[in-house]
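What follows is a short report on a single structure.
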């Protein structure tokens, strides 16, 4: 959360469209992968310079340019110039703290999303910004670092499986978005598993560490929500786009839209659940406290009267007839044991023992 | 909740329309029941192969094909091909974790709902997905397992009671949906009974088990809400459908719509009620704690001063005139008893006893 | 709440329009009262058979048929047939757990409301369903039991006071609804009085019984809200009805609408108030606990040090010079009294006493 | 709140338009003040009978009739007849518990508001209903008692300052409403001052009286909100009124509208603030409790071990070598002082002292 | 918050358009800076009298008049007269407690915002009102005191960097608003840093001071929200303005709009976070209390039984055989040590130690 706004500081006062990479540099080298295909042809190349792929823009085949790494602002400026992209759009691509959104421009449509993943410690949630610019027959995607979840799509393109090669760039974009959204389910599912374990902890080990875990979960859920919730509106905007999306593809976008609604439901449920876990935690703390108090009460309630009796016969009055009775001492022990046993029964009866 | 998203993992990366059964296989054998009727005729057959019922599609009679069990994806693909169904629709039929929804296609309308039931332990709520595809004069229904609540509808079809045989497939769908929704009332009513019992428990036995029961109820209510709430929108969509639903049937759909609103009201009330029960539970815990503290305070407050007095006369000063008095010992007892009785009155006065 | 859904069970699986009385039978005998009037004439009869009033339907005078008791479903079916009423409408009349609503049909308008009252114990709130069917020049009203709040309207009809006899059935319906809504104010006012008393109790007698009263109030408020809140929408629907309501009457309906808004405001305020009372209750419980703890602390803090001093001089060391001092014993008493007084001052200073 | 609905009871069953004064009679004598002016003329008279001002209705000058006191229902009926006012409107004027609202009629517009003030005790908030009926060139205002905040407007009319005399009745109404709304700021500001003092009290004197003050504030805020919140909608309705309000005046109404929004913001903020003060109060109570517990724990933890040691050397065993040591007694004192000092350090370390 | 409404009091009863400076005078001298430019020319002057810049209004170049300090109401009245500004607009400029808003007039558009900053103590948030009036080719800005964040814009104008000099007054306004909004991120980021530190404090030092800090943060967040939230609507109004804003500039306004949405998200997150911190604080308080109780319980539970044993052998019965045993004393010590060690193990087992 803090991370999200922190780096924007560097930009305050700069004119709009100033290309500054806002975010942590997550990769050393920028990799440009270009896939160009139609129903019959397929080429996949890694370009050294961005200029190498410019000639594909006007080719009739579908071209997918994928750029991993955002730090080379000059290269992105060149790309923007060639594809005639609005400076604000490029600014949004480079600002990795941007809210997911879609925006329609004259000749292209812009979409920026978060790719969610599970961290190496199997506990934290990672987030990477992925932006798409969809043109008539080209798609440019920007990622913060190499390595993504699109390999299944690439394989299908390579092997010409399914109807991916027969359809255009709009359908390719849908497939990539669908893959990202499917991955959201993996993340919320994982989140769900961890939360379930927390539930047990909260009641049985209501320690400060448990509380901190609950708080950490809450924050993560807020971040997940911030990544997923705005996608709903973004998909709506794409659905209304009449130029670049074919009617057939829109039915598929509708499907993605429904998945986002289902994800939002799941997130709300998780939020409720974390609220319940907090209740369990507080209840667990309170139970422990009650147990402490019970122990104190039982011990004190048993021994204070006994000590009193012992105190009575420790008095030094000259005339205390009991002290001289033959069975006085035994009698006092008997009395004390009777009180002890009586108390135990009393507590059993109260279900404190 | 966790169950809901878990199996979707298996699908990540697959192209849309890939027919994969998402959910637990709930039956061993798939059963296909075909009922074909009009005002005068009625036939009911169990088909071995899905192809056996294909010829009914173009017959003028109303045909209801009911399929119990979803694991045979090949058969469902064949069905989809013959009835010209959209691959995304079939995907939704097979994904048993789908949110209830209705969707209008060119020649047919799709509706998927949850059938809620009461588990064998009379405590838990069961959920089964039921999907309907309504065509001009046919209705296909998919269930996860055999056994449903539609027998009363089947009986009326068989015996030609009422006007069910005189009306078309749209009215049949309404009747099936109405039966499902009526059953929701049975479930919320049952839920209500259990909750009422919880209310007493919460105040009188505020134990960890009670808390866990409250939490379990809360989770179940969330699941009931997730099953019922979206039906409202789905029915709205059906009401707007101008091709397949006759005006007369729409008035009936309106009635179902109102029932869903009433169910949602009931669910909200239940949610409030569970919140109140949580308050009662916390209050019960607090009462128990107070009782423990009172016992401690009463015992300590009575005996600590008495022990002090005994301690005083246990001192070994050479000059303690009281020790030699004739009635010293008796006097001390009298004092102690007076303090004891005074304390008891004090506590009675404070209403602690 | 539970009552509301309970009896619906009996209906599950029945076809729509099956006339089953859902609710408790609240009267032994059905009473049919028919009032027929215009500006000059007025007749009031009690019919034995529903058929006796059928001839009035087509008379030009305004006819008000009031039926007390809903168990005779056959009679209601006959009525429905003669007045050409939709089966779903009759079903709604008989289902006394229906949500308040208005529905426009071709030739008539249906309205169902709850009549709220104060129980004989002056504490609980009673609820009775009243349904109206308004035709061109007739009005049919259904009540669950005899006895209502409409006597002032009947008197005005009989004595031809005001302009009630000069206006049509739509204005009569408005007057009956207005009477019901005015009565809602009586109920919320009564509720308010009881709540005010609770407020004092909550802080001063924070006992379990008080908590249970608060919870009971909360539940009742939910029921009041469920009876009143949907009326707002129902009145809206009537206002839009262009066939049966004259423009002049609509201005009056607007007035009822505003009353409902004011009632909803009052209910929200009551809800807040009950929340505050709950806070007071919890605060009262906490105050009592604090008092208990203070008593314990004061007693223990005073006497534990004194007991220690007594203990010291109860030791049996051979060489304890104080024991032999002339004023040793007195000195110890002086010390102990000084500590006692000091402690009292300390507690006074802390405002614990 | 209770007051608001209480007197409506008297009206239940009466026909609409029955003129009954609902509210407390707040003045003995009714005062009718008539101000008649245009750019050149100005007359101000106090009429004995309402009929005395009827001739002004059709004069071209602007006429402002102000009536203080609502108990003379006959007089108001006469006024209604002459100005052709709808009976429901007059009913609303007389019902001093009405929600603020505006309503457009054929020839006039009705507006009813609450005038808020600060009670004589400088703590409570007073509320008085003010209703306005605006005609083409006349304005009638009704107040519950004499004395208002309009004197600055009257002065400006008398001295012909500003452009008040040059504009019509619509602008006069705006100026009166603006004065009322400006006064709301005075009230919320005063409320704010009192709340700020509460904040300190809550943390430092968390007594029952403080809690009751917080609750009283909460109730008052609800009443303020009920007076101010609906004004927003009322002003909206006036803004849409195209007959009586000139375009220029509407810009001014817009300004009032913005003030109401700002007031609503302030009220929301106050609500949050009172919630925070409640948190502070609860925290203060908890702090006091903790302090009590700490005192008990410190005293008990120090003296219980010391008493034990004294008890040991008070045992009567024949063979207790320590008792005969020369420095035995001193040694025990040394041990006890060491324990005492150690404990003090321990508590200092724990920051309990 | 209190500050916000306080000074409005002075205005109650004044006619609309009365120019009164509502707010604290934040500067001694008023400074008028005039920048006049087009693509080729650039002049920057500090005017002594407002009249000196009047001739620029009708020049074709873009003119930016910036006024620091609002106390000279006469000067502002003159300005209003020359630029034909509505009196309510000038009133809003002078009322420094106004809610951010935009309003379209015939020939110009009015926008008022809050400039947020970080106080010198690096903890508090400062707020200054900035108002803009945008005409065809001129922009007037009003600030409460000299010193602002616009220097980067001025530099770009001076050096003719970027396309600022090539575009009109609408783009200049956008740039100034964008600078203010960018600064909001700096403030929320700073706020975020402070909150993060609070989170640690809350759990580890749950003292009253921490609570007060949390409350202070909450209030500040309310103020930040009140400054930023309404900007969203204001920007919307500008976007719809078709006269003064060019289509190209509107795309940039859209960008600002998105930033405001993101800021609102951040503020909501902060609110949640402060709620969580409050939970942590309460949990921390409860933990401390539990620790106190544990110490008491451990000490009391160990020593009360031991004291009892000592008490038993301090009794003065004549026949107590143990007292004469050779190893009696040692045996008692052994027993007491055994109890002590046993208790320690018990507590270890319970994880209280």
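All chains are identified by letter, namely A, B, C, D and E, in their written order; residue positions are counted from 1 within each chain.
Heads up, the rule we're going with is that a residue touches a chain if its C-beta (ideal position, glycine included) is under 8 Å from a C-beta of that chain, and two chains touch if they have at least 3 such contacts.
Since the model is a prediction, treat every value here as computed from it, not as a measurement.
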* Superposition rotation for subunit A onto subunit C, Cα-based, multiple of 5° -> 145
* Asked: How far is the middle of subunit A from the middle of subunit D, if each middle is the mean of its Cα atoms, in Å?
  -> 44
* Averaged over CA atoms, how far is the centre of subunit D from the centre of subunit E? Could you give it in whole Å? => 27
* Structure fact -> For subunit B, residue numbers touching 2 or more other chains are 289, 293, 296, 300, 304, 307, 311, 314-316, 320
* Asked: Chain adjacency by touch: line, ring, star, complete or other shape?
  -> ring
* Structure fact -> subunit B residues touching subunit C in their complex are 149, 151-153, 156, 161-162, 164, 175, 178-179, 182-183, 185-186, 188-189, 192-193, 196, 203, 251-252, 254-255, 258, 261-262, 265-266, 269, 272-273, 276, 279-280, 283, 286-287, 289-290, 293-294, 296-297, 300-301, 304-305, 307-308, 311-312, 314-320, 350, 352
* Any idea which subunit A residues touch subunit E in the complex? -> 1-2, 4-6, 8-9, 11-16, 86, 88, 98-99, 101, 103, 208, 211-212, 215, 218-219, 222, 226, 278, 282, 285, 288-289, 292-293, 295-296, 299-300, 303-304, 306-307, 310-311, 313-316, 320, 322-324, 326, 328-329, 332
